[in-house]
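Look at the two complexes coming up: subunit A is in both, with subunit B in one and subunit C in the other.
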Partner chain A sequence: MFYTIIEQVVNGIVSGSVYAIVAVGMTMIFGVLRAINFAHGEYYMLGTFGAWFAIDYFDLPYPVAVVIGVVATAVIAVVVGNFVMQRIVGAPAEAGVLATLGVALILQNTVILLFGGSYKFFSGGYIEPVSVFGFTLAEQRILIIIVGLVTFVGLELMVTYSRMGKAMRAVSQNIECCAVVGIDVRHIALWTFIVGACLAALSGVLTAPVNVSVYGGMGELITFKTLPIIIMGGLGNVRGTFVAAMILGIAESLVATYVGLQFRDTVGFATLMLVLMWRPHGLFSAQARF
Partner chain B sequence: MTPAELTATTTGRDLRVPFGIALIALACIAPLFLGNYPLHAIIIALIFLLPAHGLNLLLGYTGLLSLAQAAFFGIGAYTSALLAVHFGTPFYVNFLAAGLMAGAIALPLGIPALRLRATSFVMCTLGFVIIGQAIAKNWISLTRGDMGLAAIPKPWFALGPASFTVSGTVSFYYLVLAIAAIATLVAYLIVRSPAGRNMIAIRENETLAESVGIPTWYYKLVVFMISAAFAGLGGSLYAHYLTVVSPLTFQMYYSTTMLIIVLGGGAGTISGVIFGSLLFVGLTEALRVAPELRMIAYGFFLLGLVFWFPSGFAPLIARFWSFLERRK
Partner chain C sequence: MVGLQTISSGAFAARSEDGTVRLGLVAPMSGPNARYGAFSMRGAQMAAKEINDAGGVGGRKISVMPGDSQGTPVEGVSATRRLIDQDQVDFIIGDVSSSVTLAMQPVVEDAGVLLLNAASSNPMITYKAGVGGFKWSFRNYPTDENRALLVLQYAAEKKGFTKYAVLSVDSDYGRAAIQFTKKYLPRFKSAIVTEDYYKEGEVDFRSVLSKIRDSGAQAIIMYGNADSSPIVGRQMMEVGIAGKIPLIGNAEFNTASTIKAAPKAMEGAIEAAAWLPAYDSPKSKAFVEKFTAEYREAPNNHAYVHWETVHLLAKAIEQAKSIDREKVRAALSGIKYDSAVGEVTFDDHNQARLPMILLEIEGGKPAIKGAYKAEIDYPK
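Let's turn to the complex of A and B:
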């Protein structure tokens, strides 16, 4: 009984890490662009498809496939960033919603058109089980937790110390003032978007061996799971997002075991509404920023 | 361009009244020269016009971006379907009950949601759709889950001993046309009333509106409920027209559709929303060649809309009017 709970919590931390990597990118994009990126899950899907393509068509090893998946997504993100995301800066909220929904439709259906809408088998990664502290876990899951932590620490360091990170924080606080002191807002917006999309792709490639199946519509579910996380974490707040992702991952895993699997995908929004009733600005923000 | 400017550009010889009458006349005789398929498309457009009018009151006039319309649309559809299947009540009872139910459910949902700021409010309303779908899927004893409710009777009216069933496409077209016309009139009356002006004041500057004594909180809640009622009525028509409802009635796609109708037509104008719903249906029907290509084209259409027509097509129509007037 107790063992099951701990096991589910560990599973929850694994999926929490996956959500955290996706959500951190999305919340950074929100901070800079002030737009909810409804297409964010699609970059997760693109990364997975890039890796699947490399493994299935060219028999490349998994680490190479990871790189290919992320690089392919980065290339697409450069195009989308230049043509769409940069133009959203300063536009009203509705424009951001419609434009990113449009991007989501285009990316998702192009992939379905090219590769077909059926489920595909992802045959890569390290799925051998290992035993850690008496728990049996697939190696891939441990890798996910490690990458999640490394990403989080790396991002914190980048946002706090690097020039680009400081510029990102500045833009998320006041766009006009940044323009006045000579920060190229469109440049920062583009780079934030590319980093966010690559993180989503990385998360997708890492999860693929655990989820096994790959399909064109998989991004939508991830978008819907990430949205409540970034709101709960306080929009634009990297640390809060990480905690919210862990809470959601663990809650989902417990609900799936003790309440019912069919309720798993509703946990996010149900938790979000409860949290918002209690703290209207998210868990970690003292006052509303957006 | 604000609605006020739009009216300003069309003063002088007002062509809108004769054009409007011509449009109504055309709508009345449409079944004479349109086949069943175009008529079906127009019926869908007119059904979606109701939730779109509701969303327009909320987004276009009060300035609240909501994705909850699909949730209330689904609540209306299920209310109507359950009444019709279990109790065999006549159409007008189901129809009104759907609107009342959606409006009533909007009250407890709106009270916490409307306290939130812009982005959180959008997400919260999206949550209503996701949770609505989960309820429809899992409350199997009531909704039959994924199987949905089938064999919903076509609308029938009973007045004393006489009863009448709306069965064919043409008669359903007239029913929907009449309801859509009434809904448009109601939306127009709301917008033109002092309350409508207060709504615009809230959209333009909420703090200022509050400072001149408009009870903004109360207004936002009531408009949220009215928009939900509009969506519920639309859902009822949808259920009776398709004769099936399933948990897929609650989907984000419908919310997006309604958003596109309102923003594409021109938020904050009544005629823009009518234009938007016809345009949207024309677009989806024209793109029916291949489903994936259709969605890709739809995506590009959205991007074009956002970047080239940020205030929808309404300013375009206004420019068309002034063009006509200059020619005279």
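Let's turn to the complex of A and C:
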């Protein structure tokens, strides 16, 4: 009984790590652009497709495929960033919604046109189960947890100490003042977007070995899992996103075990509603209420 | 208006006693399932050609007239009406999709045209036929209920399982299959110990699989999509139940890519199929060979069932010695037809008693364990 609970918490932490890496990119983009990136899951999908392409067509080893997946996504993100995302800065909220939804449709359908709509099989990665403290996990999942932690520590350091990170925080607080002191807002917006998209791609490539199936529509689900996480975490809040992702991962895991798998997807939005009733600005916002 | 009348009276004129058997084929010729329609049409046309080349049925040639259902009930019904009113068909084979077939049933009933379904699996179609109501609907295809029953029967009788975990897709198909399984659990003194349904696109099954591991289940009943099977298989390996608790049901366990994704988890998986190209009977092999030579493509299940059903109908017409619909219907009710998978007869619900082929994955390859049949309990 106790063992089962611990095991399910561990399962939850694993899925939480995946959510966290995707969500942190989305929340950073929101912080700077003030727009929810509805195409975020598509970069997750692009990263996975890039790696799948490298393995299936060129027989490259998995670590190389990870790099290719992330770099390919970065290239696409540069294009989308220049043509779409930069223009969202300062635009009304609905422009951001429409633009990112449009980008999602274009990316998804381009991939389906190029590679077909059928499910592809991802063959790379380290899927052998290993035993850790009596729990069996695929090696890949341990890798996911480690990469998740490293990513968050790295992001914290970057946001706190680097010039780019400080500029990102500044832009998310006040665009006009940034312009006055000479911060290139469009440049910062572009880079934040590229970093966010790459994180989503990284998360996609890391989970592909355990999720096995690769297909054009796989990003949608990720976008909708991520949305409640970034709202709960307090939009734009990196640390809050990490905690919210873990809460969601563990809650989902417990619900799947003790209530039923069919109720799993309701957990995210149900938790979100509860949190918003209590703290409308998210769990970690300084403001508790308007 | 005058023009229209001329056309339709022209159509009536075409329906002369020219001695052909006018057979309508309703199938999704366009839309997302167009591929199934194309296979169905090719199968039916190949059968018609074989029969005509051999001199026809009682000297009559069969002419197959297509009707496009687009896979939707609305289009299926208008295609059926067109076939009946304009093409003046006496017999209709169709549709692939169950919801279309269900909508076609009242139409053929009113017109008194014989409908012989070859590919829909919803049990309701023949619950409502024969003594159940519709006198003109027949089905020559195993139902989801047949499948659920046969899988359970095989697991209970050949493997000695009595405790099952359920992990099915959360859709009409996945839930209905479990409903039918539950209906027959008492017949095999078996029980379900855990029951979970996953949403399409679900990727994390670890929680539910650990629960199944601790539940004492001997097999996992899974009715679902092809894309979930490799994920479930890999995570079964992770939680340590691969090779211990087999998957049974229907979710393309026997495709090469699924087995490759999780060889240890798929070992011992049991699946029931209406037909598959690898089935080893002389008639089945000959069909696959001829179809592949004719169309340069291996046949799928839909091609086979439509090919077989045209032959079945031809035999009924031959036995009736007439194309009179009532006589053909009577002949069909009492027919004994040797199909490529075994003998076909119809029960009082106009449902074919069809064998299904049972497959078990052994040594990383699907092994055909023979064709089985079982009697359905109709709701009273």
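Annotations for the structure displayed:
Just so it is clear, the second predicted complex is superposed on the first by the 287 of 290 C-alpha atoms of A that agree within 3 Å, B and C clash if a C-alpha of one lies under 4 Å from a C-alpha of the other, contacts with A are read in each partner's own complex, and residues count from 1 in each chain.
We take it that contacts are C-beta pairs under 8 Å (C-beta built on N, C-alpha and C of every residue); 3 or more make two chains touch, one makes a residue touch a chain.
Because the structure is predicted, anything quoted here is derived from the model rather than measured.
Subunit B and subunit C, once both complexes are superposed via subunit A, fit side by side.
In the superposed model, A:Ser15 makes contact with subunit C only, not with subunit B. In the superposition on chain A, contact of A:Gly102 is made with subunit B only, not with subunit C. Of the two partner chains, subunit B is the only one touched by A:Thr110; subunit C is not. Counting the residues of subunit A touched by each of subunit B and subunit C gives the higher count for B. Once chain A of one complex is fitted onto chain A of the other, the partner contacts of A:Pro129 are limited to subunit C, with no touch recorded for subunit B. In the superposition on chain A, contact is made by A:Thr4 with subunit C only, not with subunit B. In the superposition on chain A, contact is made by A:Ala256 with subunit C only, not with subunit B. Minimum Cα separation between subunit B and subunit C in the superposed model: 5 Å. Residue overlap on subunit A between the subunit B contacts of one complex and the subunit C contacts of the other covers 260, 262, 265.
On the subunit A side of its complex with subunit C, the touching residues are 4, 7-8, 11, 14-15, 119, 121, 123, 127, 129, 136-138, 141, 207, 210-213, 215, 217-218, 221, 252-254, 256-257, 260-262, 264-265.
Across the interface of their complex, subunit B is touched by residues 30, 36, 84, 87, 91-95, 97-99, 101-106, 108-110, 112-113, 117, 224, 227-228, 231, 235, 260, 262-263, 265-266, 269-270, 272-273, 276-277, 280-282, 288, 290 of subunit A. Contact residues on subunit C toward subunit A in their complex (touch as defined above): 167, 170, 195-199, 201-208, 210-211, 214, 226-228, 230-231, 234-235, 237-240, 257, 260-261. Chain contact summary for the complex, subunit B toward subunit A: residues 59, 65, 112, 115-120, 122-124, 126-127, 130-131, 134, 137-138, 252, 256, 259-260, 263, 267, 292-293, 295-296, 298-303, 305-307, 310.
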